[in-house]
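Take a look at the structures listed below.
Two complexes, one shared chain (subunit A), two partners (subunit B, subunit C).
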Partner chain A sequence: MTAKRKLNYAYYPGCSLHASANEYDLSTRALFDALNIGLQEIPDWFCCGATPAHNVDELLSLSLCAKNIDMAEKVAPEMAVACASCFSRMKFTHHILSKNETKRRQVEKAIDAPVTLSGDVKHILDILARDFGLKQLAKAVKKPLQGLKVACYYGCLLTRPPEVPKLDDCEAPTIMEDLLHTAGAETVQWTHRMECCGANFTLSRPAVVIQLTNAILESARAAGADCIMVGCPLCHGNLDIRQEEIENKHRTSYRLPVLYITQLLGLAAGLPAEKLGLDSQMVDPRPLLKSKGLI
Partner chain B sequence: MSRLGVFICHCGENISRTVDVERVAAEAARISGVAFATDYKYMCSDPGQTLLKNTIREQRLSHVVVAACSPRMHEKTFRKAVESAGINPFLCEMANIREHCSWVHEDREEATAKASGIVAMMVERVKQNRALPTITVPVTKRSLIIGGGIAGIQAALDIADAGHQVVLVEREPSIGGHMAQLSETFPTLDCSQCIMTPKMVDVANHPNIRLYTYAEIELVEGYIGNFQVTIRKKARSVDEDKCTGCGICTTKCPQKKIPNKFDQNLGMRSAIYVPFPQAVPNTPVIDRENCTMFKTGKCGVCQKVCGPGAIDYTQQDQLIIEPVGAIVVATGFDLYSIDKKPGNSPYDGYGEFGYGTIPDVIDGLTFERLASASGPTGGRILRPSDGREPKQVVFIQCVGSRAREKGISYCSKICCMYTAKQSMLYHHKMHDGQAYVFFMDARVPGKNYDEFWRRAIEDEEAVYIRGMVSRLYQKGDKVMVMGSDIAVGVQVEIEADLVVLATAVMPQPGADLLAQKLGISYDKYNFYSEAHAKLRPVECATAGIFLAGACQGPKDIPESVSQASAAAAKVMTLFARDTMEREPIVARVRENTCVGCFACKKVCAYGAIEEKEIRDRQGNLIRKVAYVNPGVCGGCGTCQATCPSKSIELEGYTDEQIVAMIEAL
Partner chain C sequence: MKKKKMVLSSKTMDVDFVRKVEELSGTSVRRCFQCGKCSAGCPMATFMEHPPNRIVRLLQLGQWQRILAGRSIWYCVSCETCSTRCPNKVDLAAIMDALRKLSWDQNGPSKESYVQLANRLFLENIRSYGRQYEMRLAAVFNVKSGQFLKDMMLGPKLFSKGKLKVFHQTNRNIAEIDRIFQRIEQMRKNGEAQ
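Right after this comes the complex of A and B.
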């Protein structure tokens, strides 16, 4: 089955996608299947260490990722990652180990395997926009997302620091907008698309997170967005799960659905709502999508 | 039989730390032909040179090898010393055991062996050196100055006042450079125009200065004392002799909506224009790209209204050849822009500042034009977007500078001072306004500089915030400034009406291309390199070419002027004599084997090869051979490598010498 497909990737879901961001996993698999892109889950994958490991023990952090990369290389030459945080850690590992021979030797000893770094690590945004391509995607659009005004939210890790992920322009990326325009949606120009949501502090310093995410939601609303689109389960958690708390704290009401890139593209590709996990979000996106005639 | 002397230098500890100098001397003493070998702590010092001279006399030495630093450092020193002891200077060679050995190796045993090898090679080479007479060449006592900013103007006036001819070439239609754009200057706050324009007029009126504006350097040939410079004088479309500078053409020109570069594109100019009212020369230029006559062939208004009939649409670029003896490069600087850079650029723009898309985020030079009495707003500080007076202005220092991640690691040096000045000017003009300055460090050394900076804070109420700005974005009609205050440890958010960026000082675009024409070296940022960072700061490694102003590195006005005067002094030193001595390390042709193919002539970069006719007694032409003009030859050796019949050789680098050097190893 997979051999017949033009594009094949070793899929690294990461912990979030098997838990709180289950709908991201669901929609990614459904979308890739609909687009006929091969996605084979790496057998026996484990945590990438994000976000505590690299703050505590660099060798541990590098080794966790290096082992996962090693296992991925046995599945397919390129690894597909959906979570921005896992993506960042994998890319960092790739970057550091390809530049630092000493660390590379330490990691090889720790994981008891050679670090070849022969395969690349790619975020699904990159796969969709470049490997699969916007032209192909345009052909796959069955139900254009007409009339939907989306605020594309990149957060901090997808493009930063500039020398590591090299996904797009570090401070003014357009890859999400390019994908959504291809799917027929409108995107809004807004000020907070690159700001931090406070992901790491979500449990330890919720007050900080609420302040940061409130600014993001406020900015998206001011720009006239119907919903926010993300490519990271941590951003999603802060913007979606905490939205009610933010509203209460700031005595306002946003009710801004937060959707994953794969959910929106999945809708455009004509996939049914239940395959995309639209029912498992705190701010229910279905009334909005219904009002736009998309489900 | 040669009696060679070998002198090994310790260079303090620079060489002796890794090289066993005594052993190198002992091994050198055993080489055939070496009559004497010793080592000494500092060969270049006075006692070191005395040792050299005395030994030459006592030991009746015929040749000398000094094993020390690079010949670029001290070859002249030692050749002068041996000459005073009665040996032809070209019978002294240096063996470089510092840059090529001790500095780059750690293992003492291996470094010592390598040093001995280098010495042995130079011993074999110097044995076959010939005593050469010094070549004297005449000096053309005219100088070329490239760039008509404050540095170029100062150098031109100094040299011209000393009685020598000066050719001043400026790329723009007027001289004046960036200084003419400034409002008031630190640390005295005197008006830039007031101190600059009289100097510009002096240049125009000086009998010894020939001024070419709207002109560029096309080609540079020759060498110190004897350069031939081809200047491209771009078509002005206005006859400079006929034009009276009345300005009626500029007022009548129907095409008036062209952003004026001199005003940082804030103001508009016509297609036929003088960049600013005080321009020198006060002769307009037609901007052919925007002129209706040149675009459509229909208009001709300026020609109709011009009384003296100075407008000439058919004018062509002119190539002018000027012989000069010395060149001063004073091409100045440009500012880094935060715009998105093309993919092949070594620099990144500032996406976090909106890549230059927020209209009320301007750079320092644009602020100067706003604050200048002769600027597009008549000296009123108004926002570019809506022309309102800004009540809160945020200045951000170190934009591009000291930012390795953006591609520039150096400090632009002038920004701390001009930002302090601009905050003051703003306060003077807007008493109820508030200036904020984000800074990393205050680098304000210089006479009365720190006092000036303190005054901005203490008397003129600028709020200095130590920290960086992470993001600028438009919110309504405000520019939001998100920054950090690291002194207090908090994040800062300011709603600004205007943001002024102190962007990095960079060399002019095309600085590298000019350097290639001149044959001078430049660093990775395209700043021109001085011959020695400390002891030869205004000279290029290429003889006869000097540097002045910010083309060599970021500089403020006093420093540019000092360096310009220093460069002028160097030129005048060169012009103090009618002839100058040149090294006789030139190529020579063995005429009896030369077949006259002139392959050497094709490859010679200096144009030194001529065709020489060989005639019999009756005067009949027998054949032609190559001849090297020793005054022009640069001694590069390209002809030697090219000659198919091995008939051309460079003095001191003959095939026999190279083979002997290899065999010595």
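Right after this comes the complex of A and C.
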């Protein structure tokens, strides 16, 4: 059954997904393949500039993104982005260049190409919940995530500021919960779902990250969550890779697995653990998933 | 610590600089009525000597030197909470970007060197490799910041999980990326861009 795929996207993984967040890339490809959604990686895409570029050089940030958007439009009309930070930068570029003619002309000169902005940029959450749709997703669930209590962590850039990403409500989003309920999981109510993890301060000032993420982990634990779900490699790195350090610093033990949305939905779609990179996590989620009979 | 008294006069209030910030950020500092919601929601306010609402107040009073001399603007993590919650639509996150750009371009006086070093290395990596080369970024940061043992224990664990790539990714667009940097530099020299 190789019917023509109805949904097709130009895939922009972002730098982290090819290195420290390899399991996000792996599980995204596996899940989209299982759902028969087409993902075609943009050939030779490059860094969006992330926070360091827009922090000190807006024109550079806009130009790097605009060139990537231009390359994506040659692959497919819509661009699928997995990283929340890349997603935010691409959306900002669309937002700023569509209303500011001066900046648009400057960017066109910098990339030596017209900026058409004819395509759209979508986060994979949006694609799964709206383009593919919850109804179809419900049909694709082969192994409901029964008994798993998940704390959905949105962080900053998926929803803020309200006029840019337009993914969901900026203070009380439900898109992650909607997807997980469809997959049969429980979600917990908790206080820190929209708080910042410290993002790229993990390189320059890790002590800041450790203080912020400790509060997030504490809140998730207090709400009775078995694990945390994220849609951003920076959030994941700060909560998962740094978790042992956070525990040592604050003399506590969380051992809270941090999973990507695509890993959990992949499990629900019946994909095997090795296709979802569950062995790549620093806090091993497999004992938890085994105890719930999910792997 | 005794605080330096602030004297307000046409001599001490530099409004030109503030206009530049407003122009770059596309937002007006005069709209702020100091409700403090930005600082209440700011995850980094406890690390700053001037929390976000006070930064706007200092701008209203033309006291930008006090802002740039401190660490506050470099401790903003761009989470967009302030801009999201401002009742007067002051885009504080954009103001922070504008302040950082103005400070960065003049090699400003802030002592917050770690964040600026990380930014510089990050941008250099884009120009040299096209994509972030995380291992090099961390290694060079450690050497240049003199923290040779920082995150040393994480290295082998990340490596064993396949999260640390020893070699950088190749990119056929590398020449084009360099041209983008060059064109922007040229535009700035010609006064066509800020």
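Here is the rule we use: the second predicted complex is superposed on the first by the 292 of 295 C-alpha atoms of A that agree within 3 Å, B and C clash if a C-alpha of one lies under 4 Å from a C-alpha of the other, contacts with A are read in each partner's own complex, and residues count from 1 in each chain.
Quick note on the criterion: a contact is a pair of C-beta atoms (placed from the backbone, for glycine too) under 8 Å apart; a residue touches a chain by one contact, two chains touch by 3 or more.
Just so it is clear, the model here is predicted, and its values are computed rather than measured.
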Three-chain arrangement built on subunit A, subunit B and subunit C clash or fit: clash
Which partner, subunit B or subunit C, touches more subunit A residues: C
Subunit B versus subunit C as contact partner of A:Pro162, first or second or both or neither: both
Subunit B versus subunit C as contact partner of A:Ala273, first or second or both or neither: neither
Touched partner set for A:Ala172, first subunit B, second subunit C, both or neither: first
Contacts of A:Ala223 with subunit B and subunit C, given as first, second, both or neither: neither
Contacts of A:Thr191 with subunit B and subunit C, given as first, second, both or neither: first
First, second, both or neither for A:Ala34, with subunit B first and subunit C second: neither
Segment of subunit C intruding into subunit B (one of 38-46, 56-64, 128-136 or 146-154): 38-46
Residues of subunit A at both interfaces, subunit B in one complex, subunit C in the other: 161-162, 170-171, 195
Residues of subunit C defined as touching subunit A within the complex: 24, 26, 43-44, 47, 75, 77-81, 83-84, 91, 93, 96-97, 100-101, 104-105, 114-115, 117-119, 122-123, 125-126, 130-132, 134-135, 137-138, 141, 150-151, 154, 157-158, 161-165, 169, 171-173, 176-177, 179-181, 183-184, 187, 192-194
Subunit B residues within the subunit A interface of the complex: 340, 348, 350-352, 354-355, 405, 471, 473-475, 480
Residue ranges of subunit A in contact with subunit B within the complex: 161-163, 169-172, 191, 194-195
Subunit A to subunit C touching residues, read off their complex: 15-16, 18-22, 43-44, 46-47, 49-60, 63-64, 67, 100, 106, 109-112, 156-157, 160-162, 170-171, 195-196, 198-201, 203-206, 208, 212, 241, 279-282
